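Next, two complexes with subunit A in common: one pairs it with subunit B, the other with subunit C.
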Partner chain A sequence: MRVKESTFFILPVVLVLLVIVIFPLIYSIYVSLYDYDLRKITTDFIGVRNYVEALSDERFRASLMRTGELVLMCVSAQYLLGLLLALSLYYHVDRFRNLIVTILSIPPMISPVVVGYMARLIFHPVASPINYFFELMGLPFRPLWHASVKTSLLTIFLADTWQWTPFMMLLLLSGLMAIPQEYLESARVDGASAWQEIKHVVLPLLKTISVVAILFRALDVLRIFDVVYVLTYGGPGTSTEVASFYVYITSFEYWRIGYGAALSWVLMIILSVLAMIYLKYVIKSF
Partner chain B sequence: MKAGKLVVKFAVSLILALAIVATLFPIYWMIITSLAPGEVVMMYPPKFVPHTYTLKWWVYTVNHISGPLVNSLIIAGAASLISTTLGFIAGYGFARFRRPDDSVLFWILSIRFMPAIVAVIPYYLLFDTLGLLDTYPAVIVAHLGIGIPFAVWLLRGAVVAIPKELEEAALVDGCGRWKVLFKVVFPLVLPNFLVTLLFTFIWSWNEFLYALVLTDVRARPLTVAIAGMREAHGLMWGAVSAAAVIATVPTLSIALVLQRYLVSGLAFYKTKG
Partner chain C sequence: MHLRRISVVTAIAISVLLLCSGLNYGLAGQQFKGVTITVLVHSGHQAVPWYKLAEIVKEEYGINLVVVESPPEEIYTKAMLGIRSKPAKYDIIQFNSAFIADLEPFLMSLDDFIVKSVGEGGVAFGDILPCFREYQDMWKGKIYALTIDGDIFFLYYRADLFENPVEKAAFKAKYGRELEPPKTWEEFLQIAEFFTRKKGQKLCGQILQKDFYGAAFQLKPPRVFYWYLFVYWPHIAAATKGHPHYFDPKTMKPLINSEAAVKALEVLKKATTYMPPGVLGWEWDECFTAFMKEGNVAMTIHWPDEGKRAPELAPLPIPNPPKPKLGVALPPGVKGPDGKLYRYTMIDAAWVAGIAKNSAHPDAAWAVLSYFCSPSFSLERVMAPTDYMPDTGHDPCRYSHIYSPRFLALKPWFKVMVKAYEEAATHGFPLLKIPGSYEYLEKLATYAHQYLSGQIPDAKTALDKAAAEWEKITQRFGVERQREAYLGMWG
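== the complex of A and B ==
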């Protein structure tokens, strides 16, 4: 029997991924069926009891809701800001476009750990330069940012938005640049105003790239961890305890690894279902 | 009409200026904090341009994080090289022998969206069993899980973009597929190979959760060391800033090199359209 030629190129990677990704994931399901606790000597098979507990875990549910809230805030703000910046650059900047794009695309290249740390400097409760700016502008608020339950999630949102708005902008700008000039010219010949041109020609053509950008960002925020760890460590209280962080605490601080594995699978399933519904809905509407 | 245009022009300039300032200020502030003496960060109103500068935080930091710096280089270097090489071979296979909607390809790409928190739990237990916790291979393997799908995706695209005829000529001349791969295809996709290598390097260099759980002191990379300085040196903002600047310099230099590819990629679309 002759083995297909393609096998030689594809098989090695498939095997590597089976060993380093799929096997651990299956092992994780196995662990999630045990009362696996690193502080205890014995480990008992408990079936789906970890999953039953997960479904009634108020703290887990709260962390999921908080993550969802963060996803909605981050994705909508970053998409709109990214679109605004991309349209501004596309229509109004020619000579300095490359320079501005270069500057604006710095943040996504920085480690989220460093971004979280920068946010600790910028939003320092005592000596925040932002609060000083508010004072200069005569604005009455002096928020405590990540040190207050009221504004901690907002601070995480601001740090994430600072870092990832340029990602949206870059994808949308590449989408804009791929629009054939004839489309725009024919719209102009027909007497369309700039606003009509954007609304009826440009935005519909950006639909595919928008779907991709929003999906990428939504899936990234759903697993947000690094910035939270550095900036707030889930606090104050549990006000910034997102899903990934709660799973981390459960597994590596309380050492309930079996339960942590079950929680992580609930998160994984929610994530996959959302991604599939989103893609299906979007593909249908094309 | 003319006034309306002026207003738009002004608004756009204002938006872009604000975006540039908002992007650069935190970076500037971090650099200043690493160079300013004493607890400048605690001053209110803040001093945007310090009168005196000091290198003491830098000296302290370089002495304390040289270990993690070397660890980061080794981990990111190995992870990016292995991912990109495997990704090139598989990317070639998918580009030449499989359809774009191949289910195996889709499966590989979907791994990119797997939350790290799901995989890190079994990794911790498995590497513990193997006695590999706090070693380079543990972190490198974890990083390959994300690096490989990314490299397959980028390099499949690069191979699709080059004409088949060159390879076919070489095949007719009696070259084997592997020889064609490395002698004919590789030189053609070398720029893409390097771009992929740099992107996977940056990703691994910046990664935090896997490294946090799988390392302790010996194999700990920079990101974990910086996050740890938070507790150990709560008030040494200058030292943490210096470490954060050190962690950022390589990725930013790489990003500036890659920018040319990014912009030329964008320009390519435009001339084509």
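== the complex of A and C ==
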């Protein structure tokens, strides 16, 4: 009787998962084995030819490199800044901590498309307020931001970092607040300085939450699309064409659905392998 | 009693007769009563006239017009999926005519409707400007669509600046000829260089209050291909003595990496040196704002919006500017070795509407489409906003539009556009319209932009890469299939 009841309760979720996750996954494998092009009337089975093309696609490889570059930049900067913010809030802010945390929680709640449009104004090549501040401070640079190949990826990085550093901060702050006070008091009683306390007590205890935070952000950045679409459309040239954007234009601008599915699977396999290596390495070090 | 019975029967008979005649009258006026027609349209202000039409066709024909709005970038997918089904999900689709090759198998040819309907069903097909008629509405010699929005490009220039005596004298002294709107790309570069000045320098004999630029284009990918093609087409026309093409029509070998094509891309790159910083990331808003609202750009090539909104032209950024005045002309051309000037404007693929082959109610769909595209209703659409019609975003596409006394009375500033439209009508060139057209153009845009942004150092390498991609696309679709479509594109 209990088994039947529990089945009844989990059935809706299972159905939803089947329909919106499992079926599309399986169907996309099927589609990737066909020359499925929305512009063609017929569709032919071509086996792994889409995958072979994906592996030899110079533009796809370049987009993967660019995505990797963005992940490294974003995750490192967001982790370090998030950690700095979390430590500052934990150690130095007591009375207004909740208020500050609430305010800092606003950027992650903004839609990435809106962030992209905001970035178009903030990083405008002529009317950028940041360039205006550079001018006021007497600094010689006036970057063209998203309109130059030299600074376009940096602009995406800045927009993403502005939006998601608070998310990193929130995770790390929650990790900090979960540390038993006795550990910190013991360290202080033993004469540890603030830096020693952070290095030898706090950071090791933050390891688990750090792993999760880094993995979450890395997977998010690997999927980045909205800001790129709105701000640069992969340009100038292809300087901000990340992997997910290339998959999008292949599938929904060129209408090569089969090839787009194959690109998605290649991307997924690469990400899964990287995630497995990362987790294996990290768990080994615990 | 007997009389009473006769009176009652007579009254009932008269009532029934009156009811029937009323019904017949109603039916005769509402030919498609109870029929639902679904139309897929561009969302936003472009959908406005369809809602207006829904009221009209309900009253006139009894048709329930269901308007389904879609963002423009999703229209292709929705249209393709919607009209392939039986019956078609959409009876009428608004689409970009660049996709005609992909949509044609699922669209009804309108020739029969036009030829067999009395008065052509009211569409007056011959009234549509030839450039739109041939390059938007027809495919392989048949009519598959009717133009909704006459998207076309013009060269806009600051006539107040070009007519300024101080500037005219300075230009003549420097270049030995009169300052006039450029007829060639060489002249365009000269004029753009001449007018590019820093804040503090002089313009019209007065101190400039901000930096001033010779030109501005909308060069963010993927639409950068438009501005490349404005330069490419006359260059390739001059090189081939008036036979410009995207491909060799016999072999389907791309011509986009020919010597003329390379020269064209180099000209475009040179032009960007006279443009505001960041122009490689500019979309429609930035280009329109810089030319019309900031007033610090001498020339641009853009859609008809600037002409339609001529009163909004900002004064020049000098202390005592002359009254703002807009000039309109065809984009520059190229003088060929034969001495002829090859000058064109691009007929944007833009918005047309057609009827799905699988429509359950093709006659009713034709009633709706022919009304929407009739000279009278379309005049109100392109004149909007007016008291009758809110803004629609639709541009003129008929002779009856550009010569309409009502249009010119309501919007007298449009007079400046009439001559340009007359020239454009017979000097247009179409966007590529073969299967995969968007992919061809997007790939061209990618590599052209890589050169313009400095990612690829030379134009030949960039265009060779684009040509290689074009070959791959052609092979994927089939050379002969693409060749047949390419020839069909030209009628």
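The rule is simple: the second predicted complex is superposed on the first by the 281 of 286 C-alpha atoms of A that agree within 3 Å, B and C clash if a C-alpha of one lies under 4 Å from a C-alpha of the other, contacts with A are read in each partner's own complex, and residues count from 1 in each chain.
In the analysis below, contacts are C-beta pairs under 8 Å (C-beta built on N, C-alpha and C of every residue); 3 or more make two chains touch, one makes a residue touch a chain.
Small disclaimer: the values here were computed from a predicted structure and weren't measured.
Enquirer: Have a look at where A:147 lands relative to subunit B and subunit C in the superposition and call it first, second, both or neither.
Expert: second
Enquirer: Is A:252 touching the first partner subunit B, the second partner subunit C, both, or neither of them?
Expert: both
Enquirer: Once the shared chain is lined up, is A:158 touching subunit B (first), subunit C (second), both, or neither of them?
Expert: neither
Enquirer: Once chain A of both complexes is superposed, is A:125 in touch with subunit B (first), subunit C (second), both, or neither?
Expert: second
Enquirer: Report for A:85: first if it touches subunit B alone, second if subunit C alone, otherwise both or neither.
Expert: first
Enquirer: Is A:235 touching the first partner subunit B, the second partner subunit C, both, or neither of them?
Expert: second
Enquirer: Applying the touch criterion given at the start, work out whether A:31 contacts subunit B, subunit C, both or neither, answering first, second, both or neither.
Expert: Touch status of A:31: first partner only.
Enquirer: Is A:70 contacted by the first partner subunit B, the second partner subunit C, both or neither?
Expert: neither
Enquirer: Using the superposition described at the top, determine whether subunit B or subunit C touches more residues of subunit A.
Expert: B
Enquirer: Which holds for A:179: it touches subunit B only (first), subunit C only (second), both, or neither?
Expert: Only subunit B is touched by A:179; subunit C is not.
Enquirer: Subunit A residues touched by both subunit B and subunit C?
Expert: Touching subunit B in the first complex and subunit C in the second, residues 124, 126, 252 of subunit A appear in both lists.
Enquirer: For the complex, which residues does subunit A have touching subunit B?
Expert: 4-6, 8-10, 12-14, 16-17, 20-21, 24-25, 27-28, 31, 84-85, 88-89, 91-93, 98, 100-107, 109-114, 117-119, 121-122, 124, 126-129, 132, 135, 162, 166, 170, 173-174, 177-181, 194, 219, 222-223, 225-226, 229-230, 244, 247-248, 251-252, 257, 260-261, 264-265, 267-268, 271, 275
Enquirer: Tell me, which parts of subunit B touch subunit A in their complex?
Expert: 8-9, 12-13, 15-16, 19-20, 22-27, 29-30, 33, 41-46, 48, 86-87, 89-90, 92-94, 96-98, 104, 108, 111, 113-119, 121-126, 141-142, 144-145, 148-149, 152, 177-178, 181, 202, 205-209, 212-213, 223, 226-227, 230, 237, 240-241, 244, 247-248, 251-252, 254-256, 259, 262-263, 265-267, 269-270, 272-273
Enquirer: Under the touch definition given earlier, write down the residues of subunit A that touch subunit C in their complex.
Expert: Checking each residue of subunit A against subunit C gives 37-41, 124-126, 142, 144-149, 232-239, 249, 252-255.
Enquirer: Give every residue of subunit C touching subunit A within the complex, in rising order.
Expert: 76-77, 80, 102, 105, 220-222, 276-282, 435-436, 438-439, 442, 446, 449-456, 476-477
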